[in-house]
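Here come two complexes built around chain A, the first alongside chain B, the second alongside chain C.
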Partner chain A sequence: MAHRDHTLRWLALASFLLVVIACFVPGWLLNQMLFASARGLAVLGLLVLWRAGLVSLGGALFFGLGAYSVALLQRMAGITDALLLLALAAGISGLSGFVLGFLLRRYRGIFFAMMNLAFSMILYGAAVKNRALGSTDGFGVAQPSFFGITFAEPADAKLALFAVLVVAGYAVMCCVHWYWKSTLGWLGAAVRDNEIRVEYLGYSVERVIHVKYTLSAVLGGLGGAFLAMGLGQVDPDSMINWVASGEMLFVMILSGSASVAAPFVGSFLFELLRTYALEVAPLAWQFIIGATLVLLILFAPNGVWSIFARLFGRAAAR
Partner chain B sequence: METAIAVLLDGLTFSSYLFIVSLGLTIIFGVMKVLNLAHGGFYAWGAYSAAFLIGRAANAGWPDWSGFVIIFASALAVGIVMGLVIELGILRFLHDREEALVVLATFGILLMLEDGIMAVFGTDPFFAHQPMSALGHVDIGGIARDVYGLTMIALAFAVAVLAWLAFKRTRYGKLLSAVIYDREIALAFGIDVRRLFVLTFVAGAALGALGGAYVAPTTSVVPGLGMEVIVVSFAVVVIGGMGSIPGALVGALIVGLVRALAVHKFPELELFVIYAVMALVLIFRKEGLFAPAKPRRI
Partner chain C sequence: MSPAIEVIGVAKAFGTVVAAADLNVAVASGEIVGIVGANGAGKTVFVNMITGYEKPTAGRILFHGQDITPLPPREITQLGICRSFQVSQVFTSMTVFENMLVALSINRNRGLRMLRDIRQAPLAREAEELLGRFGLAAQRDRLARELPQGMRKLLDIAMALAARPRVLMLDEPTSGISSEEKFEFMSVVMGALAEGNVTVLIVEHDMDIIQRFVSRVLAFSQGRIICDAPPAEALSNAEVIQYVLGTDHAVA
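Presenting the complex of A and B:
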């Protein structure tokens, strides 16, 4: 084989470097990296669907489900171990995704988006109107322990959480990368192109979509779980409301679908963009985000990387 | 009995403005196949400009009924200005893009419109009760109701009849029906589809703004109100079938009455129930109640 896929090796190196860098950066930047990577996981989940041409306007459904699972498991069941919480949260939202998938796999286009919107708003309504869940304020999440160790310094706990996040992120990227290279993964693009031909080839379109939907639910739940622990708080407006879903789609467009690492980079860019926009123009940060989104769609619908690719492509052609 | 009347009247009032807003959303979707999230922005701009001008007029000593003139004038102005700017400035370049990308572009526009409001009108709430107090109250079945809410029902009825007449009895209506049915064939017959797009978008935007402007006197106008209304109008349009005018009417009635019932009987289910109904309808009618039949693409 002349052409070998080195993606995973590069990703491993990048992940390792990321953890090393995280040891030396100031607290606020570590927070940004933590939040960005957590959202990145969920965005990667949306990207899996997008490759099959499906857009969910309710990406925050599983994100919120993961976050609230962590918070509730901790409060009700007294589970403090981070890994156990993460696994349970991912399992709960994955299972919900699997069950909902039987229904959702029948829908395409706008109706798929709307059906997801409906379910995410049902969860939002339940969280907002439920006093035990803290209504619109949400409630706090205590600092978790890692393998039985509880860190005295919150900063150390953050770092440990980030390390876990990077390892989990790497594992997820490997899985998704491998999945995209598999027949089932390639079928996504085929479904997007022409479903009927896929059926003629003997594959079940609904089953392909069901697998993707469940995968994206697991990723969304995992992202939400990490964010709940990183933020130390869950609330419905920033985690389940449809605007949160819209933001995730924005990050997806910003990242482009070129690589499994793109959502993480895009998510970090988004986090920086939001922080600076908030600082420069506290009343107009949404305007800046909105304008960026419109410009991206007008001029670089395949993500920011496509701009570079086009520039380099042109240089090479000369 | 009193609760039943209250639920019915509250529901109808709520349905009325939902219908006006959703009608705009559904004709834009029907003609242009654009799911327009920015519609919430038109609603909010309509509400703000009406509330702002009504307040100014009251300070200048204008009579209270002038509020009604202001409501319609500001809705029309918002519709024309924003409709033209957004259609000609942004959406025109996206007509051949993927549906999902266009939805996201309108999400970006919505964010811009929301912050634009804060830049122009500030963050303080506006109150514009003058038209409402001008009409006073009536007694219906032992409950005092404000007449203004009842005029909203009348307005929605008038809008429905006008929309029906416009579609069935005018030349433009027939051209639009042709475009809704099949854009390419309409184009082949020499219909200027681009011009119809602009016309539709402006009309739809004006309807969204009218909904907001007419609601403004009944509530405090605060930032973020467009974000709330747009998802509920989505529910309406999806329940009725995207692009269908009778669908918008039926969807608005269902959502309005169900929500009013929830508010009176089970307040904790208020938000929940709208989307539960929407999901239920989609489960049994995959594309909404009045969705037009579509050919399968091979």
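Presenting the complex of A and C:
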């Protein structure tokens, strides 16, 4: 019997509720939600790769590229409209991913992971050593306008940015959900399982990986662009450094690959975990983070989404 | 009409080891050809060269007159030469039905149509129909990795057939299948193939299968074709007996 897929309806409802909730939460929590959702976009990009059996250790490459694109476009081209900045940042990131994809689509396993890390470290080095890019301190990002409207209150601007982020996030989730159900999406699992069979069915494995890599770059860039605007600044250490890439991988494992919404939930849990770990043990917060990761891999290797799925009595979607 | 497959002066060497030496053979459309030979005789290399997995060091391979020698496997597959493998190549994390859907979808969709939902009704119907032809309908929702060897091989061949091949190459289809089941297995396969006038090349060690299911035998030894004849004649050929069957072999 055909199974009706209500995922997008539930996501639409959840997105709407999220915007409503955001209107009433304190500023610090709104910030957490904004940062988590921005990172969630980038993690969703990594998830697209992971479903094809590819792990990138350089997720921050496109995240940082998106963030710095916003900052530089604002500073050098005088663009202030949030939507235009987002579109351009995602486009620049996607184009970079497309170009790099010609090289990276040939690599698998540890070489794919490390090549991504290598490129992210090149970008990091360029940002740190370049005064025009703000060097180690980075530089500020001004509050953007929305459809020509500039909010007088920063809190209102942040709420507007979060609303845009939720709408963009929903659109992205719809696209990725749709993509995963398509032939091209299924080819991710096919490539992970058996590259030889994919080639002998008449399709290019490299093309499959190239498409996924470019999509991942677009999502990474979009996430970075949102974070730059939400944070009001860009800096290499929190956006391009390998630690940022590691955090994204942590969130990916925390989230699991069962749903397009999982990275956003996982990312929010990570923000909370890190915040409270810092509060509880300022000098040993990494201990809590590390222990959480160990427990997660031991007891919920398919991520927190699999726990939700079990709690709600639903088999985790593939 | 040009032959379906024409191999002209093809040679292949791995360092000093000669895997194929000056092979010249033509296979007509609709023929069912058995490829026999001892281990290391060059049978699989022959199949690998036709399907693009290995490139010849000399010579040309033509498919209906078109030179396919330099083409990669996927382009050769797109032209209509498909294959199954000695070790079945399926998508182990997917169900049997999903394996078929992916195989069909790749071959029925191109360009932006690759972004359409894979569970389209026509594709699903075709997948069910193919699974039925291969006796796999009851296994529809089983994960491919859970299938017994024989069924996994059937799925492998069914997936190759999803591309509507004009030439199908089966590399040791009955290896790993018990002697009691092999005839039934091959009957299912040949029955499914009979509907499409497919040219079939079967690499096979089992001479009972060769005698029963093929119309022509290519016997290989040390990278050369030592005999090209109908099964009865080939299996009683002195060289074939010496180099392929063994001197104590007697053909019924």
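Annotations for the structure displayed:
In this section, the second predicted complex is superposed on the first by the 304 of 318 C-alpha atoms of A that agree within 3 Å, B and C clash if a C-alpha of one lies under 4 Å from a C-alpha of the other, contacts with A are read in each partner's own complex, and residues count from 1 in each chain.
Basically, a contact is a pair of C-beta atoms (placed from the backbone, for glycine too) under 8 Å apart; a residue touches a chain by one contact, two chains touch by 3 or more.
Computed from a prediction, not measured in an experiment: that's the story for all the values here.
In the superposition on chain A, no contact is made by A:Gly27 with either chain B or chain C. In the superposed pair of complexes, A:Gln286 makes contact with chain B only, with no contact to chain C. In the superposition on chain A, A:Gly109 contacts chain B only, with no contact to chain C. With both complexes superposed, B is the one of chain B and chain C in contact with more chain A residues.
Of the two partner chains placed by superposition, chain B and chain C are both touched by A:Ile196.
Shared-chain residue A:Trp186: touches chain C; no touch with chain B. For the contact definition in use here, the residues of chain A common to its chain B contact set and its chain C contact set are 194, 196.
Contact residues on chain B toward chain A in their complex (touch as defined above): 35, 37, 90, 93-94, 97-105, 107-116, 118-119, 123, 227, 231, 234-235, 238, 242, 267-276, 278-279, 282-283, 286-287, 296-298.
Residues 50, 53, 55, 57, 103, 106-107, 109-111, 113-115, 117-119, 121-122, 124-126, 128-130, 194, 196, 242-243, 246, 249-250, 253, 283-287, 289-294, 297-298, 301 of chain A are the ones that touch chain B when the two sit in their complex. Within the complex formed with chain A, the residues of chain C that make contact are 51, 72-75, 77-78, 82-83, 85, 89-94, 98, 101-103, 105-107, 109, 113-119, 159-160, 162-163.
Taken together, the chain A residues at the contact with chain C in this complex read 178-179, 181-187, 189-190, 192-194, 196-204.
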